[in-house]
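Next come the structures, one after another.
What follows is chain A paired twice: with chain B in the first complex and chain C in the second.
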Partner chain A sequence: MTTYTVYKEQLPELFGKWSEEYSLYVPAKLREGFYDLVAWKPGLEIAWDFDVAYNSPKRFLFPPREALITFDRRTCEAKPVFEAPPQILFGVHPYDVKAINQLDQLLEGGAPDQNYVRRREATVIMAYEPLTVSSTAFWASVGAGTVAHGFDLYWTKIGPAAFTVEVGSAKGEELLSLCGGLVPATAGDKEGARRARARVQFRARKNSLRYNWEETPRLLAKCWDSPLWRRYSQMCLACGSCNLVCPTCYCFDIRDEVDDQLGEGVRYREWDGCMLEGFAKVAGNHNFRPKAQDRYRHRYFRKGKYIYDKIGELGCVGCGRCVRACTAGIANPLKVFNELWEETAHEH
Partner chain B sequence: MAKPKIAFFDFAGCEGDQLQIANLEERLLDILGHVEVVSFREVVTGHSDDYDVAFVEGSITRPGDEERLKEIRKNAKILVALGACAAIGGINCLKNFQAENVYREEVYGAHARWYPTYAARPLKSVVKVDAEVPGCPIDGAEFARITKDLLLGRTPWVPDFPVCVECKQAGNVCRYEMGRMCLGIITRAGCGAACVSQGAHCWGCRGLVPGANLDAARIVMDRPGTSRKAVQDLLRFFLGDTGAAL
Partner chain C sequence: MNTKTFSPYVPRPVTLVEKTRLSDFVTRFTFEQDNGKPLAHKPGQFVNLSVYGVGEAPFSISSPPRRTQNTFEIAVRKIGVVTSAMHNLEPGAKVGIRGPYGTSFPVMKFVGKDVLIVAGGLGYIPLRSLLFYQLRHREEFGRMVLMVGTREPKERIFVDEIAELAKSGDVEVLETVDMPDETWKGNVGVITTLLPMVKDLDPSSTYVSMVGPPIMYRFVIAECRKRGIASDQIFVSLERKMKCGLGKCGHCQINELNTCIDGPVFCYTDIEAYQEAI
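Let's turn to the complex of A and B:
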């Protein structure tokens, strides 16, 4: 694919142009040490060296609360609700692109999730090579340090005021050329991008799995009865934070609410999480995963085995968000998988 | 079908929950269109003892309150506890950690002897409560939703997960990551993480989430820079009647 060189001074004009038709989100500093994708406005300082966006990008494709249908109790009629505002996510790190690619596979396969599909189609992903690595991240060791697809443009900062931009789709190229004057990247610029990537990949290997990530499903298969699950889950607050901040968790609950005349109503979905006590509650109030231990184990099996069994990838992209979000300090896929590897060392 | 008759009552509390309902304003007319209000002193005059649903606000703080509450229970088909004081005892229970002569004298002065009181408690310590609208104050929208559910014959839904869920949905930076304390980890959600979203922390006004892991929560809260006294004060603020308060 074509690669261009873009200079920082071109960005305000490009951003201004894009935001005429799209909601544009860019990385910015929330407070010291906390960054997130926020709505762009002229003059906003972009946090080029952000380590991780505090909230995962799934909220743009799968909002925390979303109407699915409206209904009328009197006529028993229902109408679907689709909202898909055109949006550009600028500054999505590769591990988050990978997470979105995974959501695409899981939500668009089988019976496609129509709400997700529509939002996804209206979304332009501008990936961005990280410059720094969050202290809890381990994406390089779970095969999520690089992505080959899933972006419309891929930005790499190669100097204080220059970027190389790799084109991933025609749509991306069209957006990039809106202000004209595109310069193809020179061999030197491309080399600069390669070095920038190599540097951050090296830094990201500081936190690493002690084995090849592809072994994880086989490892877990041996660890169903490990004492680790109980040891960690004793501290579980069942708050679901690890699920909710996870860029690949996509479970939701569905509820109805009627208007004040008790005539029309809306059926909506809201984020849910398998670590919440009520998650596995079914009709008759039966809970098929009543213990924190069952729920805790389930989450790691989900990330390390069940998703792999479906699509051949780990359900964990190593962003480290759950590690940060867990007040009890027990959510940590890297630590859990490494400890299980150690526990079964006599078998490998 | 005749409209269900509803009545509002209050015990020890500020009547702020009924005020939240009155504050629904134009929505209130629609919702009250489905019912007949026989007693609601902040909104209508008059009173009748013939009602189906009793919304009861406030805590029970005097032996004499019990009699009145039992009478309400006897008259009502459905009794709904309205707000933190009624549902979990709320801030009235702060006095339960003081000596009786101290708080009685503070409240009633020289005439303390004339007024018998006892440890503050939620309604459910005295009578059977069918539903609760938690919070201090209650959320008007949640009251409306619970009322509509009851009118439709559905079991009212209140979140059975902690405030953390709504905080993550709102995208707030966790108070613990900012080195602050917060009761969101053990408190029932439903407020939309209102206090945290406004920059404060959770005080626990909606009561404990079912199955709250209090042992773990105490370990989480007991961190450098936080005194045990501060943790204890926070846990006693709204949760004095629960096992959380030390």
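Let's turn to the complex of A and C:
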């Protein structure tokens, strides 16, 4: 598709125009080493060199708490609730775009989750090539270093004040042209973008799986009874932090809340986590995954095998957020997969 | 279906028309769909029932499919918040349902075959749907055997109904309790002890459907296999916490299967390899 060159000095005007109709989120530094997408306002300093947004972008499409229906207790009437504010996510790294593509497939497939579908439709994704790599990330080795689709625009910083912008959708091109005068990227600019990408990809390979990521489901199939699960999970606090920060975790709970007149109420969904103790518990207190070990293994199987078996991609995009979020230091897909690989090395 | 306003999370209203006490903790609820239409479920499917303000929970449908009536039954043990709230409802009360969801017992496979129905504890509730559906077409099936196991005599449910079935001669009924009291005159022991009592069982043409507590499956399946019944002739309905019913929320996962859409009724062959299933 078409690629344009855009200069930094054009951004304030573009951002201003966009934020008239959209909520615009851009990467910013929260404090040393912590970045996140925050609401843009004029003058906000953009963290161009952020390594990872500590919170994943799933929260814009699948909020931590979201109303599904409203109901009246007396009449038992229920109505759907749809909220889909128009929003632009500017500065989404490719591995996070990949994660969003996965959510699209999983939540829009089968019986489409209309709440997700609507939010997704109202969202513009502006991908951004990372300049730095988080010390815990390994996305380049799990096939999440590049994305071919799922973005409206793809920004690459090719110099202190210039970007190439690859168009991914008509919507994206329209937004980019709001301030007029689009300049097609020259061959030199495109080469600059290619180099920028190659540079960061090279750096991202520092942390790597020791095998081809496509082997993961086959690897896991051999490792159900591995001692690794217990070794790591015995330190698990069952806090669910790894679930919360994961860009591809989307399990949820459904709950009711009633007003103070006990008349009308809201049924909402809330992020849930398979690492929490009661996740698989049914009425009568039978727990189908009673041990931390069962839950820990389930999470890695889901990332490495179950999702793969469904859509042909790893459920882990290698962002490394869980590694940083885990207080016990046991959430580390790279380490887990590599150790399992070594454990079974005699079989390869 | 208007996709502009459609949400799979919106329940539709049903009205409680009858409430029958089955044991100290279990009650049968008969509901009527407010839209006047039959529920159009298949034996083994479930609905997600909402007591607004309290919550939503999945329940197996206990009545056989009805083409001309808009009523359906579920039977519920008072054990959590939703089930307790249900027990407080009186006829005329309204609740919401979503569904029917999930897979069902493949009744067509059972046509012309012998049928063994194994109900442990509350497992009789979902199997009732299958049992009465088959009884409605009794001549389509060979021999029919119903095995019922309960922990204690006072926990037995549908006592009169089961006694009547035994009397009717349409079904051979075998019953046992684990812990007898002075009133109990029947078999004593876990449900697996009933299987050897089924005489002249033809394993090649016997199809087994079973529902019961998690612990029951392993033993009954082993016993069936010992009698020579192939694993693709064994059907189980598994309990998990189906929250959304759409294969999204993740609570009911058994390895990579979602019990709410891939189950709750599984052919044993399909889940044999899944460590989390049984």
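The rule we apply is simple: the second predicted complex is superposed on the first by the 348 of 348 C-alpha atoms of A that agree within 3 Å, B and C clash if a C-alpha of one lies under 4 Å from a C-alpha of the other, contacts with A are read in each partner's own complex, and residues count from 1 in each chain.
Please note the rule applied: a residue touches a chain if its C-beta (ideal position, glycine included) is under 8 Å from a C-beta of that chain, and two chains touch if they have at least 3 such contacts.
In this text the structure is predicted, and so the values were computed from the model without any measurement.
Touched residues of chain A, counted separately for chain B and chain C, are more numerous for C. Judged by the touch definition given at the top, the superposed model places A:Glu77 against chain C, while chain B stays out of reach. In the superposed model, A:Ser241 lies in contact with chain B only, and not with chain C.
When both complexes are overlaid on chain A, the residue A:Ala283 reaches chain C alone and has no touch with chain B.
Once the two complexes are laid over each other on the shared chain, residue contacts for A:Val258 go to chain B and to chain C alike. When both complexes are overlaid on chain A, the residue A:Tyr250 reaches chain C alone and has no touch with chain B.
In the superposition on chain A, no contact is made by A:Gly304 with either chain B or chain C. In the superposition on chain A, A:Asn115 makes contact with chain C only, while chain B stays out of contact range.
When the shared chain is aligned, chain B comes close enough to touch A:Glu270, but chain C does not. Once both structures are placed on chain A, chain A residues 255, 258, 262 are touched by chain B and, in the other complex, by chain C.
Against chain B, in their complex, chain A makes its touches with residues 30-31, 34, 36, 54-55, 59, 64-65, 234-241, 244-245, 255, 257-258, 260-262, 270-271, 273, 276-278, 292, 324-325, 327-328.
If you check the complex, the residues on chain B that touch chain A are 27, 30-31, 33-34, 144-145, 148, 151-152, 157, 160-162, 164-165, 168-171, 173-174, 176-178, 184-186, 209-213, 216-217, 219-220. Partner chain C is touched in their complex by these residues of chain A: 68-69, 71-73, 75-82, 106-107, 110-115, 224, 250-256, 258, 262, 265, 267, 269, 272, 274, 279-284, 286, 288-289, 294, 298, 301-302, 305-306, 309-310.
Note for the complex: chain C touches chain A at residues 3, 5-11, 13, 50, 52-57, 77, 79-80, 83, 94-96, 213-214, 239-241, 243-244, 246-251, 253-256, 261, 275-276.
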